[in-house]
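Read the structure below first, then the notes.
Chain naming follows the written order as A, B, C, D, E and F, and within any one chain the residues start at number 1.
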Amino acid sequence: MRINERKTNQLRPVHIETEYIIHPEGSVLISVGDTKVICNASIEDRVPPFMRGEGKGWVTAEYAMLPRATGTRNIRESSKGKVSGRTMEIQRLIGRALRAVVDLEKIGERTVWIDCDVIQADGGTRTASITGAFVAMVLAFGKLMDSGVMKEMPIHDYLAAISVGVLPDGTEILDLQYEEDSQAHVDMNIVMTGNGEFVEVQGTGEEATFSMSQLQTMFGLAEQGIKELITIQKEAIGKWAEVIQSTKSGE
Amino acid sequence: MRINERKTNQLRPVHIETEYIIHPEGSVLISVGDTKVICNASIEDRVPPFMRGEGKGWVTAEYAMLPRATGTRNIRESSKGKVSGRTMEIQRLIGRALRAVVDLEKIGERTVWIDCDVIQADGGTRTASITGAFVAMVLAFGKLMDSGVMKEMPIHDYLAAISVGVLPDGTEILDLQYEEDSQAHVDMNIVMTGNGEFVEVQGTGEEATFSMSQLQTMFGLAEQGIKELITIQKEAIGKWAEVIQSTKSGE
Amino acid sequence: MRINERKTNQLRPVHIETEYIIHPEGSVLISVGDTKVICNASIEDRVPPFMRGEGKGWVTAEYAMLPRATGTRNIRESSKGKVSGRTMEIQRLIGRALRAVVDLEKIGERTVWIDCDVIQADGGTRTASITGAFVAMVLAFGKLMDSGVMKEMPIHDYLAAISVGVLPDGTEILDLQYEEDSQAHVDMNIVMTGNGEFVEVQGTGEEATFSMSQLQTMFGLAEQGIKELITIQKEAIGKWAEVIQSTKSGE
Amino acid sequence: MRINERKTNQLRPVHIETEYIIHPEGSVLISVGDTKVICNASIEDRVPPFMRGEGKGWVTAEYAMLPRATGTRNIRESSKGKVSGRTMEIQRLIGRALRAVVDLEKIGERTVWIDCDVIQADGGTRTASITGAFVAMVLAFGKLMDSGVMKEMPIHDYLAAISVGVLPDGTEILDLQYEEDSQAHVDMNIVMTGNGEFVEVQGTGEEATFSMSQLQTMFGLAEQGIKELITIQKEAIGKWAEVIQSTKSGE
Amino acid sequence: MRINERKTNQLRPVHIETEYIIHPEGSVLISVGDTKVICNASIEDRVPPFMRGEGKGWVTAEYAMLPRATGTRNIRESSKGKVSGRTMEIQRLIGRALRAVVDLEKIGERTVWIDCDVIQADGGTRTASITGAFVAMVLAFGKLMDSGVMKEMPIHDYLAAISVGVLPDGTEILDLQYEEDSQAHVDMNIVMTGNGEFVEVQGTGEEATFSMSQLQTMFGLAEQGIKELITIQKEAIGKWAEVIQSTKSGE
Amino acid sequence: MRINERKTNQLRPVHIETEYIIHPEGSVLISVGDTKVICNASIEDRVPPFMRGEGKGWVTAEYAMLPRATGTRNIRESSKGKVSGRTMEIQRLIGRALRAVVDLEKIGERTVWIDCDVIQADGGTRTASITGAFVAMVLAFGKLMDSGVMKEMPIHDYLAAISVGVLPDGTEILDLQYEEDSQAHVDMNIVMTGNGEFVEVQGTGEEATFSMSQLQTMFGLAEQGIKELITIQKEAIGKWAEVIQSTKSGE
């Protein structure tokens, strides 16, 4: 039995609060258990130099943690003067994942900046960031559609992410919280679309290895967890859910 | 008349939510109008190298803004690889101000890390940070007293901060929000104690100057505003209010 | 049909030249087609500060490319003053992968520094680095055993890595060279042990997604490719192959 | 009684040597007691990118100390690879203060670079820098007027700065030298114009607080000290004194 | 007698392997005894900003060592985040030396990037870099001539470099290997042209001094060594040797 | 004929003002024509970590220019966040040169920090720095001898430096000022001892070469110039001149 009597295939409670910060075009606070991430989407009317003149847009992401989002205080990356390898990995992952469901041509020459700032961490911050960032991005595009700047929703499918892993006793579990994560032998993050297609699969044995059969069980857990997350995303985006649905069908 | 029909000597609505983040020893979310700052106080059981062996503690502060706390997105200081002059000024100010009401000897060889992270900005972020950080710090010391680690509250007075300024038409006003701040000819931040003593006075003519008489009017506005802030702080710290009061009388 | 009439499940020619550089404890030049990586293993008689006194060792890796390892010249990371996110990801991957087959307790308080320097690149540089680094590390440990400093080989299994991917026409292929990699819809790197267990699975849709069935086909290709690589590693490590075999059986 | 029998309201001897360095448009060596600062003003025929096309100029300042300007050697900021918070605060202060008396429109699209390099320090380096920089800037503009490049003196008033403070025994004093500064309970820097208007007021309790009455006494000391400094500035700028006077009267 | 029975005026075995890396316009691996340097020449079709529009080209060099090119592992300069003074000195030397025999006007607005990467070090890495880089540069220009992009060889003379020094017993020697270099009292690097003219003379007493007579002996040794190196360069550049000869005669 | 009717073998006027800054153990302002350098010598009672416990001292140097020491303003290296290659070369040269005449054993475990800050530049700043730094260092050691901390002068000979060069018309000249330096075909810096021994010889063809005969003429000019500089140094160090003389004779 897991902490708080969670079942192996059970997500922690997930809440997505929209319009959390007033300034960004799209803003949500996502909570997955005690993990809380502010996801802001900002739209800038230009693209990076290497993309100018191509008529396409770009989606990029940044990720950070408040120093005391965790049990012991971390030194700020701005004070250290450099971004850690872990942070870079995560922000590259978030940006890449989101781009898989966006039609960059439909954005026009705009950059979507996704900022995921973890204010409280209890495991699964990168997957919560992706799940929340998707909603913030949809809302930001929605704002541009409402104001007539954008003609169609440049998103052709849902996107959510979750972690799966293997406990020391061999049990495969869904949605690891920090205490589980720190003892797991395998840690895997999976990003999938509403269509059930994979976008990212990142599995790591932590000074351990894992078998093909364990891998398959983890895929099953993840698939189910992501379906549940997408249901929650649909509620959060409200009227835009229908628009994405129709875009998707049209493909 | 000011925006939202505020009077010249009227604070914006101020709220202090305690126990905001679960990990830090003390944590508050302070809102001053639309300005929102997470203030976390972390206690570390050692002091910086230059203070070791002196039996005294230290209080230091860091300040940052989320990239989209403001109307347009700012580049992250971690991405730029350096902390801006403005940030340094503010975090030095916060730490210095707090140290004025703390008995560093009573802390023992511990460091209090204050993290002020602005999640939404509408003017007055540095003064809101000081006002909120004071509460977070009291709560952190309170936690150590509750657990028996600390014998007495090492704080001998209240501390709060507010901005005052002069509008282009010459009116002196209290608690400038962003729109006012960006057009003000004079911008002054004042930090005071519960005793009505000054800790910091920082007044700047923005490509303008100010007279002795304007200065005196601003002092008056600040004094009254800070009294109101301290009343709100007292409610937020609950049972510790009494302890600070008695310490203060004992001096 | 692939470039040079390669079959979908066919590795490029792989060569591992040992004792390539004279100074390091272990040194190989691995060539996988036109990809060439110098893998040096250095043994330092101490561990990082956070591990001191635990009686365990550590394995860490660094990765770099010569500026002109690629078709157009890249700016040196030393000139830029920072290591890119891509480099960090790769060096973290290499270190983590190697640690999965090393008994850190058996190393004692030593650090194994793995340096993978790509002198010529044609796709698959990170997987070639892992495959070559494993050999360099075995040879370095072998040197310590020959000189009596180390009593047993602290490696309990083989380790190799390969890329698999999906071409735009949907074909799954093994060991992508640069031209294939740059057009592939899916790019996956897989690290496995001699036992056929997974150590890392990193699959990414490049502005695309992939299905469960494609994933399974790629796993099959990788499994076979890694078996072939381990055969080549065995030849390269010579007399130490037997030692690893017996260690492995003993588990 | 103060060191060297100085009175509480007495400045140290102040000298301003003009045309100190041959290359800059304006250059002075200012001595305030043992504090010596080289203040150079350089005029560049362009403005920072964010100001181009507005027809206005800009004034910016940099401040540094030689490593051995002080009793013990400081590490060079160039060696540390970053500018300290203290340095940033000071150079932002100098630039802001100077801009308060300059008509940026009259400069045209030019940047005035003020470099204040402390070669010997004994307290009050930032206020000496402002007082000296004002003279260097006037001389630089004078050079442009002499050569016909500039039509009128773009300065509408004098500007000088001084420190005031409170000693542990409660005495308020003018112009603190290092030994006094290091024990003072309050340290305040004041920048004023020839008209007696304030430009900056920065007062700090050093782990102490100060009362309204102390504040008023310090304002009085500063006002008188700044008058004396402006008299010395007038002599230093020679023929340009008259020009500033007339400009000022014209307002 | 020297190590390996070398005579005082004897070079170590020198080999220059051309077309070593496939991507660069010119690429050689130069070995001088156990010192091995990959020298790549890349031609970029533009010049640095400060040279645009002048119709001239530029030659610039970068130098680095693999971490384990030496007996003990060096920290990567990319990890340290800055290039050492030694590296800067060497890469400035290489670029300056090469420019002495290149007609920058004949290159047109192109930049020649020389990358010297030491993969194994045993003394004399900077002189081996210059000697090898000259060949890589000639081959790169040759490639442009073969493809018709460049009309004439923009090189008017040969260029090679060697070290000379004084052993503790006062013997002057040619081409110091690491063991000799580390004990030498004087270390001198000399760069000369095919005409026997000097390009660079850099002699340093290592906590020692040297006389005029020792200096003259070292010049003699260097002159002879450089002649031998140029003979080896001629073989390496093949058909281009004749072209340089005729250009040279034409002067 | 040279600028100001200087002869080819004529130094510019040289002045060395001692006790220039009050804080350092040794401090001089050296002027060579319009080149002015503040040379401070600071003695620290410890050595760098790599030298601890060896009973020896160390001499190290730093060099910088004020931004407006030159005709156009240079960006501060502290603002750029890194020290340029040129600066590194020069400070390494100064330290190395000084160490050639110091008995590091006689210093004990102390570090001598030499700071050369160019306040006005007109060519020859690195050689003026060495010549001035020698005097500052002698005075610093003298101070330690006067106070009884040091028993004997740890310097066994004089040390001075000068530039020589070749003008476009082929004339060899001594002590190049900026205008000459910027057009010279050859630029050479020579450091010699009172004994007439070489410490450093650094000659560079600036996109040009030079012959053996030119080299010899330059050596002659330098030798004579350095003798004159040493005479001026002797006057500057006063009573310590005799001490160095006797130390030198004793060898």
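Everything below uses one rule, namely that a contact is a pair of C-beta atoms (placed from the backbone, for glycine too) under 8 Å apart; a residue touches a chain by one contact, two chains touch by 3 or more.
Going by UniProt, the chains are A, B, C, D, E, F = Ribonuclease PH.
It should be emphasised that the depicted structure is a prediction, and the values quoted were computed from it without experimental measurement.
**Q** Suppose you hop from subunit C (Ribonuclease PH) to any chain it touches, then on again the same way; how many hops at least until you reach subunit F (Ribonuclease PH)?
**A** 2
**Q** Quickly list, by label, the chains bordering both subunit A (Ribonuclease PH) and subunit F (Ribonuclease PH).
**A** Correct list: empty, since no chain touches both.
**Q** Does the subunit D (Ribonuclease PH) and subunit F (Ribonuclease PH) pair touch with the same residues on each side or with different residues, judged by whether over half of the numbers are shared?
**A** Same: most residue numbers at the subunit D (Ribonuclease PH)-subunit F (Ribonuclease PH) interface appear in both copies.
**Q** Rounded to the nearest 5 degrees, how far is subunit E (Ribonuclease PH) rotated relative to subunit F (Ribonuclease PH) when their C-alpha atoms are superposed?
**A** It works out to 180 degrees.
**Q** Based on the averaged CA atom positions, which chain is farthest from subunit A (Ribonuclease PH)?
**A** Result for the farthest chain: F.
**Q** Quick one: report the Å distance separating subunit C (Ribonuclease PH) from subunit E (Ribonuclease PH), using the average Cα coordinate of each chain.
**A** 34
**Q** For subunit A (Ribonuclease PH) and subunit D (Ribonuclease PH), let me know how many angstrom lie between their CA-based centres, rounded off.
**A** A distance of 52 Å separates the two centres.
**Q** Going by the contact rule already set, what residues in subunit D (Ribonuclease PH) reach two or more other chains?
**A** In subunit D (Ribonuclease PH), the residues touching two or more other chains are 81-83.
**Q** Let me make sure I follow the ring: beginning at subunit A (Ribonuclease PH) and going to subunit B (Ribonuclease PH) first, which chains come in turn?
**A** Cycle of chains, anchored at subunit A (Ribonuclease PH) and oriented toward subunit B (Ribonuclease PH): A, B, D, F, E, C.
**Q** Which positions of subunit C (Ribonuclease PH) touch subunit E (Ribonuclease PH) when the two form their complex?
**A** For subunit C (Ribonuclease PH) paired with subunit E (Ribonuclease PH), touching residues are 21-24, 27, 34, 38, 40, 42, 44, 62, 64, 66-71, 73, 76-83, 87, 113, 115, 117, 119-120.
**Q** Which positions of subunit C (Ribonuclease PH) touch subunit A (Ribonuclease PH) when the two form their complex?
**A** That would be residues 82-86, 88-89, 91-92, 96, 99-100, 104, 188, 193, 195-205, 207-212, 215, 219 of subunit C (Ribonuclease PH).
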